[in-house]
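Alright, structures below, take your time with them.
In the two assemblies presented below, chain A is common to both, partnered first by chain B and then by chain C.
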Partner chain A sequence: MKPFNSWMIGNGNQESLAGRHRKGKAWRNLFVSSLVIGVLSLVVLLFSIVDQTMGWIVVEYKNQPSELSLQPLEALNQDELVGILQDNVTARRFKALNQAIPFTDRSTEDILDLITEEVLQPSVVMSYRLSMGIFNREEMLADAAERYPDAELKFHLWIKPEFLNRPMSSNPLFAGIRPALLGSLFLILITIGFAFPIGIGAAIYLEEYADQRVWFNRVIQANIENLAGVPSIVYGILGLAIFVRALGGITSGSFVGIEGGNGRTILSAGLTMGLLVLPVMIVNAREAIRAVPQSLRLASYGLGATRWQTIWHHVLPSAISGILTGTILTISRAIGETAPLIVVGAATYLTSDPTGPFSKFTALPILIYNWTTRPQEAFRNIAATAILVLLIVLLTLNAAAILLRNRLQNRI
Partner chain B sequence: MMEREHTMALEVREMDFYYGSFRAVKNVNLDIEPRKITAIIGPSGCGKSTVIRCFNRMNDLIPGTRLTGEVLFHGQNIYATDVDPVQIRRLIGMVFQKPNPFPKSIYENVAWGARINGFTGNMDDLVEESLSQAALWDEVKDSLSKSALALSGGQQQRLCIARALAVKPEIILMDEPCSALDPIATLKIEDLMRELSVHYTIIIVTHNMQQAARASDYTAFFTMDTTDRAGLLVEYGETNQIFTNPKDQRTEDYITGRFG
Partner chain C sequence: MAEYATTSQIGSKDQLEPNIRQQLTRKKRPGEMMIQVFLLLAGAVSILTTVGIVFELGKESLLFFQTPEVRLWDFLTGTRWSPTIGSFGVLPLVNATLMTTIFAMVVAIPLGLASAIYLSEYASIRVRKILKPLLEILAGIPTVVYGYFALTFVTPILRSILGSDTVQIYNTLSAGLVMGIMILPLISSMSEDALSAVPRSLREAAYGLGATRLETSIKVVLPAALSGIIAAVLLGISRAIGETMIVAIAAGSGPAFTFNPLKSAETMTGYIARISGGDLSYDSADYNSIFAIGLLLFVITLGLNFLSRKLVVRFREVYE
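Up next, the complex of A and B:
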């Protein structure tokens, strides 16, 4: 029997319907597999990061706890602990510690931490990943017993609240990211403060005022789009030349009376980062402004509104959610940017917090880069932990962007 | 601007309009009667919408357009160099083809135009008055703070009319205001136009000949010149005369459906 639609299939040189469906399915499978590849690589990335943020470590002490006291240290009272501390550090160091915070004001845990840091001086000689400790426990135990028969093997959580609140240190056990985290946040504030108003202003001009028929405006627009693709290192070099060198008098803060600094400050880095994101910001904001329906503008003009009233009351409120989404996505790219910061002169080792726009600085990506280049295994653990913190900051920013956008869209 | 000897609402003299180098409309001479409804009809592409947008300088917003000739409003050419188009658009309001309320509350839609034009009186009264004039008050009086986008198409279009009325214009231009509406909403708008014509001059572009015949006092028939594709005014007169006894063969062909 001929199929009922044989007249549609007609002469034999047309593809059969089953063949066309097969082709469609093949494409669909291709798309699904690309999604699977993407998701898989993301999972592997996250796993390998989280895997290193906790695990088993082998610790060796410079001074064994058993040499300090017959009882376990935890069982001693505060006065005894202070006594131990006094016996085992130099008199000058003891005085300095007392001056920072008097021992009478410190808690017992705090003094225990001090003893650990100043007297015991533990160092991580070997670090095993979480997955190794779980799935290859026997192998790990055998390895540790063979290579470090005297040392202690214990579980250690690298990601912990103190990690956020400690300055950098040459000992991974006591290292934290506070100066870098604050530096990154400071940097982003300056970047937004610089790039957001300028980016929106330029986008408004290009979309609402500039005459597209003038060749000059078209050249500018094409070039802004090209600038968005310039490698970030080039912006770093530009920032070095302009903000660090040429405008060093301003960016070092010497014009407000801060002496002895140079242009390698947070301000220089923030402005450089601002330049870097500016083209992307402009392109994003223009897209958002262009998406505002023309009928809205006509309605406004038809009531006798001026151009600025139309922009301020109708175009910007309609575009703002798109502009903000674009901005936050741009900012989250900037927060992970490393190359321009190295060129502009981020400090690789900094134990003091940034205090203002004219202070020296470091940033999370710099710190991560620095830590990954160290030979000791444990630095890789804290680098992974810092990466996790960076990812959490990014996710928070993106979540904030989504919330903000939904809020503004639902306003009416 | 107030000169009493000009009794017409708008006087169009020798008006040509260009998009770039293309002449879209040529040699229009037209006197719009005050407080009447004037319909502009004609086949697609004859420049009806272009002509109506010339009456409140809406075409200024399109780059590369140019107008020669004069459009007199109270005896003054609205295209004179010292005239601000923003002022003209307040006095000559416009309702568009597709309802385009602002994405704000119903109240704000009406109040906004008055506010930006410096209205200092009682805004609540103005909103109620404008919505009542647009025959929408009874339907929305309990939901003034709701989004205007939640209204039906016909209600939205009446809201757009109320919005235009709130800035106290003298003339209301309507560019195919019913083309996106169903027949019942269309009839409501037509009734409304009739009521508004007591106080306002209304000019309406329509592609619907029945609508022009039903709702207007005067009709202008435009067509496209076959040689240079420019729109031109063929015949202008009382609606009754245009539809029952057209003087021009082209008008007769169009209204009897032989063409267009």
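Up next, the complex of A and C:
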């Protein structure tokens, strides 16, 4: 009887041995190249992102620097710079800036930055990616000279420390990700605060208490497996219906006296995300608990400990590294999750930082989504930069998980 | 140990002295009971989630189908989706979802399966130790990043090859191809598990009969692991259907009933993301429609996952 898939490599009987080996080699190369394609696409993906985090930009100013002073701005002293600022912004704006941080307390660089932002108002009209500037330099220079003869072409590093600390802005040159970073952080705290105790509780119940012969326990188990496969956007819809709408009185914070809000808050999003990661959390925790040797439990029972004493004093301490590793991996999955946040109602533009569980929010992946879908090139650059930040955070988390796992393996 | 009665002294249960009987019944521990109840409730949260999903999706979908403009038959067979003029045919959205899913599987099945065969049947332990984690990194990258990659890298390449007149900025082909890369590690790692679980004796028997390594892998190991591989493919399809961010970014916004992969078309998930991302007023047709489409999505993916799990279980029964 021939196997069903013999068509794939033909029937070997009629071929010479050398022919069969040749065929084997050819297919082997095919298998290797598939794997190489997979790994290569990872490399290309990372390259295409890093490529956008720096490059050449064409900048146009609303007010030319030469109109402000005869000397270059960098050569002026602090008082002259403050003078320029005073002459070129409205009195009200000047006062507001002075109130935020008094000019006497600011550094010269800081005031220079202020002049750039408030007076010069540069805008990026064209952006060339790093690889283009290096490998197709002539083409880039010709293109820039033809389309923007008066404007300045200069190298710009999109990824820089200020990017992390600036608020959002409609000008890519001054945009930062601070509200989104804080939003993601708050979100993860709520997600884990919800999913960690419940996930571990469920895992303990299923591993230590549940009798698999009881139908109810089998239903719980099958149900968790099913939930793990539900698309994340469906959780978003659930969160919209339950947390945002039905429980809007609680999630908007009106019960603690916060008025005028709606349910589209960090709390709603965090709880939605908590439900989303719960199945993964339970599966990971169960594996960690299952790995604790049975002899430990029996020894504890033998000494007269109750079931909970055994779990609390012996099972959980031995399983904790495994549980934490699983938790870190769960967090790294939740950080990149975007779709449910869109449905629950993440704000697309937010200048203020989130202040608590009842504030409106945005998150890093939401920001990436928004910037990616803008048509201007420069937004692609800051989207790539935000992606790089996100990937670095994920890499750090995963490295931490691996370190933790290794420590665990060394101990046993 | 004098105060405890031995078995020989007890005889039958009815003859026990009252104080001994008390010693032998389990002590009531209210604290332990409360903990157990809490743990049970924690386990029940997952059931509540499912009930919540089914109830909410069902309730709002019912409302959706009760609106006078919407009829179930037109919903399932209509080829035009434009809520503003009251036509609710879901086929354009389903069609776009199917197209992106097919492109994704065209990329992910052959590449994933070939990688799995290489890792399980050919690679040395050292090579596997290096390559496998690299593939798994692909699985850990957030989908919004893949969306970015599709829109800013793959689409421009497609446009420069096929001409920017024929390829629209948003198109289902680019989204589907990148989705294939995203699903590749899922299919390869699940298939590799299935292949590795095939007993060694089968391979050795094949070698003993003079089969080459390729013939062994393709004609003996692959058929033996088939149910596990099909399970992986089904799970991959379910993942592709439910995937949102790649299609929301790269496949286009605006439902279109087209079979041209170079044109933009909105998928089911893309539609949900776009509608709910805007200002959405409760109980409008738009609001209810995302629940109806969500229900469709839920039913399809649940069916696929269920089938996939059944296959994995069957395949485990054979060899473990």
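In this text, the second predicted complex is superposed on the first by the 367 of 412 C-alpha atoms of A that agree within 3 Å, B and C clash if a C-alpha of one lies under 4 Å from a C-alpha of the other, contacts with A are read in each partner's own complex, and residues count from 1 in each chain.
As a working rule, contacts are C-beta pairs under 8 Å (C-beta built on N, C-alpha and C of every residue); 3 or more make two chains touch, one makes a residue touch a chain.
Here the structure is a predicted model, which is why all the values come from computation and not from measurement.
A.B. asks: Is A:Thr306 in contact with chain B, with chain C, with both, or with neither (first, second, both, neither)?
C.D. replies: After superposition on chain A, A:Thr306 lies in contact with both partners, chain B and chain C.
A.B. asks: In the overlay, work out which of chain B or chain C sits against more residues of chain A.
C.D. replies: Of chain B and chain C, C contacts more residues of chain A.
A.B. asks: In the overlay, answer first, second, both or neither for which of chain B and chain C A:Arg218 touches.
C.D. replies: In the superposition, A:Arg218 touches no partner, neither chain B nor chain C.
A.B. asks: Identify the partner contact of A:Leu296: answer first if only chain B is touched, second if only chain C is, both if each is, neither if none is.
C.D. replies: first
A.B. asks: Just checking: does A:His314 make contact with chain B only, chain C only, both, or neither of them? Give me first, second, both or neither.
C.D. replies: first
A.B. asks: Tell me the contact category for A:Phe31 with respect to chain B and chain C: first, second, both or neither.
C.D. replies: Second partner only.
A.B. asks: So, A:Arg93: does it touch chain B (first), chain C (second), both, or neither?
C.D. replies: A:Arg93: touches no partner chain.
A.B. asks: With both complexes superposed on chain A, which partner does A:Arg22 reach: first (chain B), second (chain C), both or neither?
C.D. replies: neither
A.B. asks: According to the stated criteria, A:Arg147 is in contact with first (chain B), second (chain C), both, or neither; which is it?
C.D. replies: A:Arg147: touches no partner chain.
A.B. asks: With the two structures laid over each other on chain A, which partner does A:Arg137 touch: chain B (first), chain C (second), both, or neither?
C.D. replies: A:Arg137 contacts neither chain B nor chain C.
A.B. asks: Can you list the residues of chain A that meet both chain B and chain C?
C.D. replies: Residues 306, which sit in both footprints.
A.B. asks: Which residues of chain A touch chain C in the complex?
C.D. replies: Those in contact with chain C are residues 3-6, 8-9, 12, 20-21, 23-24, 27-28, 30-32, 34-35, 37-39, 41-42, 44-45, 48-49, 52, 197-202, 204-206, 209-210, 217, 219-220, 223-227, 229-238, 240-242, 245, 275, 278-279, 282, 306-308, 332-333, 335-339, 342-343, 345, 348, 365, 368-369, 372-373, 380, 383-384, 387, 390-391, 394, 398.
A.B. asks: Residues of chain A touching chain B in their complex?
C.D. replies: Residues in contact with chain B: 211-213, 293, 295-306, 309, 313-314, 317-318, 412.
A.B. asks: Using the touch definition from the top, list the residues of chain C that touch chain A in their complex.
C.D. replies: For this pair, the touching residues of chain C are 29, 31-32, 35-36, 38-47, 49-50, 52-53, 56-57, 60, 110-112, 114-115, 117-119, 122, 131, 134-135, 137-138, 140-149, 151-153, 181, 184-185, 188, 211-215, 218-220, 222-223, 235, 238, 241-245, 248-249, 269, 272-273, 276-277, 282, 290-291, 294, 297-298, 301-302, 304-306, 309.
A.B. asks: What part of chain B is in contact with chain A in the complex they form?
C.D. replies: Contact set of chain B toward chain A: 56, 58, 61, 63-64, 86-87, 89-91, 93-94, 96, 98, 100-105, 112-113, 116-117, 147, 149, 160, 163-164, 167.
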